[in-house]
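Shared between the two complexes below is subunit A, which has subunit B as its partner in the first and subunit C in the second.
On to the complex of A and B.
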């Protein structure tokens, strides 16, 4: 075996090595710092990530090389997601700082785990071999299992952690079983080899299809697609808020980065066999997610179901993948980017609100627009964008996705997706109505009697007065501004991003030149 | 194959198996089972099936026995040292003999040809693990690290808070 070939381009993995080093450094510095200086760790992590982002862009720009005999590939697709995940890590850490200081112990390990999960996501987007992808997926999942149950003294967090671990182990087992069936029938695990085998799979055994189906089910669990979604609301509700945000954005983006490459590079030749299955899952997922979201009272549960609906939209893009058109692949990636900005805007707003009040029921947000107009406006923008109104990110990204679906002859799916966007507009409006029209619980005296039916009586001792004394920290406000700007940027002028996406798509779908 | 070594290992295997059924203490039974399974790994080693021996120790000696002991500790914390006489022992004898019969029959029916032991040697496995499969190998080590960190955070002693 020519070992020299394996290590000749090892420098391309420098960002990954340095990211692991950074995580270890955070663990180590944590030991040296006194308890009241732990915030420094967040700054170390953020500074390190910014440096890594610059390094990755400078080092890997335009690279298109396989490493370790095709196990992983450093191409523009990997670079796009690497930059995206690093940025995401930065924003999640920034929006966690206040929350962690107030509500969580072990801050050093918290930031270290975020760094490890970013590393795992990078490998997921880069791997072109199914076991490597699986192992990276496990690294990400393990980090999330721990972060979800990070609030040790909160029974809900513990419950969420246990549920997530059990479902995660269960779905990993299904995924592994599918991989082993795939391997036992065709004897290869590299995406390129799988694709070559499927291309002339006229005589393939049924075990191969069972294997593919099991892989689909396993990934369905990981992204919480219906009917494999039942864990998501409980886990989202129980996890600490920044972790919920990270879970809703990061784990989904990474799982879809993996899925997109897997389906585009490995399963593409047999698209006629799985397209309709993925399309049906997408249809069920967005419909169930959006319909059940209407009934939610807790903001985290609402966003859990709304994110299930978003997974449905992303699956529309997977179903509409095509060897000759970059539209669906671009749409999936653009939706991931837009959805992340948007969802983070909403979540960061909720984090800021929770930091001030410690509440997370939808009714608690009543009158927020009077007390914190910017917070309410940012969250409203995020929700409009999630619903897909024009000028916001959600419109542009959904436009790409639905066009792709329509082009591939999945007109019914595109229509259903539009109906679902309308449904989602309703429950976002409910939340926005609470923030803007419903009076705050403690302001009932000042406002017209129409508010008499407000289900939330003013708290004894004036909890809201306490809330008005505090205002969101400048840090949270800064992150929020960035997210809102990002939402508008993707919505109004997405072309620079689309250019990057074209390059990324041509890396995984060489035939789909734009 | 060195005959004396095989005899020793075989006695250990069978002795462990006998211990499992003879002892009245569940924990002892689990430990006897461990002895028996690890001895089987020894037999694999004697025929130079290194990879098989490794997997035998990892899976049976490690994972399965640990799960077994966990199950014992979690379910019968009060009365676990005692096994009451299980009325199903005649059924167990029949099942055991049946499995033995099937295995022995299939072995005698289709006697495997005497052959040189072969298979992926440990050296080869190690080489490919550290060259071709280095990336997933490293990632797995991080998975273990993260799991350890999590165990300390979640199950460790109460921290400086509350």
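On to the complex of A and C.
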């Protein structure tokens, strides 16, 4: 590669540079703000991200260029995920504001870390070299290690942080070991070079396969695929709620953005060798995730297992990748988009509920439909969507993804995935039963025995005092409305998104013209 | 545009309802009734305008939804099989809204969900695309859990209780388990079509694909998936057990819509997807279907005979009558299949009428035990009279719609499977036994003193009941307009001769 290439198109990384600047700026402003004005940091971050989104779209639309001699590529795939992650960051920050104000100290670092993780995710989707991808993955993981243990005085959060760091370090080591095995056998780390080598390899050395397997295992830990999932429920339960939401949506989406590019651009030529392995992992992951979810009593653990199930669905798409058809790649990305809206709708509902009551057991949601009809409806919509019922994103994206799998001859896997959707419908309906059918427990009696004798007005509308103390803020309701609308939009009219996905897929799978 | 409106009316109606203030029960009901009435008028107009001489799909329209390689389009069309179903949906929906006038608990949510259910039903009947057929099919199942779980009722059998939550969960899981099979085979159909070079979800284009070319036993392998998958919703034995439990737990309007219309979706799916796409598979598997259908008829009738709960009687009677639909379909004989489609219409109206009447009685007596209900006709003459009409239609009395439909099915079965026809007639005889016994005991016997002060059905309920009764009579006396349309549809099904 000629020297000049290193700086000639450096402006294409402007969004990343500015994002890092923004993150540092948030850290700096935090030092200057008095304790009661910290909310400003959230608005600074959101405004900055919106500006960056506009900039990225204006600057990078239609670009298709390599940078740093091929370490990073700025193409429509990267742009798609860049926009996605920035939007995700905005929504996570917006849904965190109330929670952070109430339950967490040090908001400055919190928002700054979210910005850093968004930066890391952007690079993960853009990197075309396996060590660059690894470094980006680590940046994201480190941001998450801190955010998971952010509730300093909560032992569960600390425990979650420790577990996550240890498991994260462990899986990083495995991943790195796999990368080193790969490098030691074929001597290249660029995706394109790996692909070319694999295509000519014929019968490659066992060391290469061990390397690939270790990379798969390392990534499996990161996305919590079974049997590398044991950390997920504890970490999900212990982390502060908005972080759990971010972990469930953001870290998975980013890891799959990386995996999709890695498998499509680098490992595609040897798909016959790994397809069945990924398919089996997918099958085990979704089955275990959904079966174990049935037994959960804590809503965060339930969603942890349900998101393990969703990882299984996404792995179905990875297993169904094809050089000639864009369906599987589109399907993975479409499912990520739909799943994000849907899961955020559920999580934002739980955050709003937790802000009001401080509770998160499934039984605590009893009678929610009477007290907060909109909250209950939004969460029910999210859960129906997660279970894959129509009009909501879940149905459309699953149909797309499973069609892709069937089209590649993996009908058994698609069938198993559909059966898993049925299983998931059961436990979501149990949750919906609590919200809609079970009467509300006498919450006042439990919380404040002294006031138990006070006759409370009927739950509809609530008492005057109740209403002010026990009602979600307009901000969080606004985010919730957006998520529900997004869930409907993806479910009913995915056409514009699929157009964007076609462009993204053509960047990583040039042969899969649509 | 007409067909799109049948989906839009209830859908938009439901969305608008969601913005009503929750405590304005009366306005909510009036608006729902208005929407239902407009949809009914629209359905009647569509049915009347369908030109059976021309046949085929009419009122067609098509919008691309996802392009190549999925090729999903939102395309609508009405043929001779779906036209009576659209009319049925309109009638039952309007009647169901009318009998829901006494819903006081969260009326807004109830009617919103009911509207979504109906939008899904219409969508399934009028679509010409496999993806959207399944989309709307699932949409119709979606609100069921809440509709039954929130507004339903539990039954106490003394030694055990069947809770509404149980009924709701059982119903939904059974139906979705059925749609798992349907979904898998839809994916298989797309895959096979894609192998054959025509990746598409359009039913018409799929119809011309030779599935057995690519993979020798494809049709034989996947027809049972459709047959059982859709059959679950239609109450196919031995997958029918959700039906009595679910229908009993459900509120009146939901029982009416579910037994009256949704079960027909299942039978419709077998015809529209199974028989039309996979005719060779249908040919292979029809002997099995007719066997199961015969069991449906006999088992349902015998089970109905031994029930003590009035609603369970009607629930099992539905299972029994859906058996005639399966038998008719399985004959692959024009008369039999035509009779099956007419039976779908006729049974839809009849069972909706049954459930409406049971609802009226239960609202006043708070009892459904037929050992306790005695001589109600003295105080509820109108209700008793129409119960008799429904009952007589159910046992196939000439002059009512059930006779024509079942007669055609019998003729078809006689032509193809003589011994089973005998069993089917025995089933009809058992039906006569339990219906007449029920009428004699519950309505026309000596009145028990407990019911001396019972009131009659309200005017609105009477309207709904009279509407359904009138349709039963109309079809019984003058079935020609229906049979013309149905025959136009049946003649296009491959393999029916």
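We adopt the following convention: the second predicted complex is superposed on the first by the 484 of 514 C-alpha atoms of A that agree within 3 Å, B and C clash if a C-alpha of one lies under 4 Å from a C-alpha of the other, contacts with A are read in each partner's own complex, and residues count from 1 in each chain.
Assume contacts are C-beta pairs under 8 Å (C-beta built on N, C-alpha and C of every residue); 3 or more make two chains touch, one makes a residue touch a chain.
Values in this document were obtained by computation on a predicted structure and should not be read as measured data.
Participant: With both complexes overlaid on chain A, does A:406 touch subunit B (first), subunit C (second), both or neither?
Facilitator: Touch status of A:406: second partner only.
Participant: After lining up the shared chain so the two structures overlap, which partner does A:193 touch, if you call subunit B first and subunit C second: first, second, both or neither?
Facilitator: neither
Participant: Thinking of the overlay built on chain A, is A:325 touched by subunit B (first), by subunit C (second), by both, or by neither?
Facilitator: second
Participant: Scan A:63 for contacts with subunit B and subunit C and give back first, second, both or neither.
Facilitator: Touch partners of A:63: none, neither subunit B nor subunit C.
Participant: Which partner does A:414 contact after superposing on A: first (subunit B), second (subunit C), both, neither?
Facilitator: Touch partner of A:414: subunit C, not subunit B.
Participant: Going by the contact rule set out at the top, does A:159 touch subunit B (first), subunit C (second), both, or neither?
Facilitator: Neither partner.
Participant: If you stack the two complexes on chain A, which partner ends up touching A:361: first (subunit B), second (subunit C), both, or neither?
Facilitator: A:361 sits against neither subunit B nor subunit C.
Participant: Can you list the residues on subunit A that touch subunit C in the complex?
Facilitator: 325-327, 369, 373, 380, 384, 389-391, 395, 399-400, 402-403, 405-407, 409, 411, 414-415, 418-419, 421-422, 425-426, 429, 432-433, 436-437, 460, 494-495, 498, 514
Participant: Under the touch definition given earlier, write down the residues of subunit B that touch subunit A in their complex.
Facilitator: 127-128, 131-136, 139-140, 142-143, 145-147, 149-150, 152-154, 158-162
Participant: Can you tell me which positions in subunit C touch subunit A when the two form their complex?
Facilitator: Residues in contact with subunit A: 22-23, 65-70, 106, 109, 116, 131, 134-136, 138-139, 141-142, 145-146, 149-150, 164-165, 169, 172-173, 176-177, 180, 183-184, 187-188, 190-191, 194, 199.
Participant: Considering only the defined contacts, which subunit A positions touch subunit B in the complex?
Facilitator: Against subunit B, subunit A makes touches at 1, 3, 6, 13, 20, 27, 35, 67-69, 71-72, 105-106, 109, 112-113, 116, 119-120, 123, 127, 129, 131-132, 135-136, 138-139, 142-143, 145-146, 149-150, 152-153, 161.
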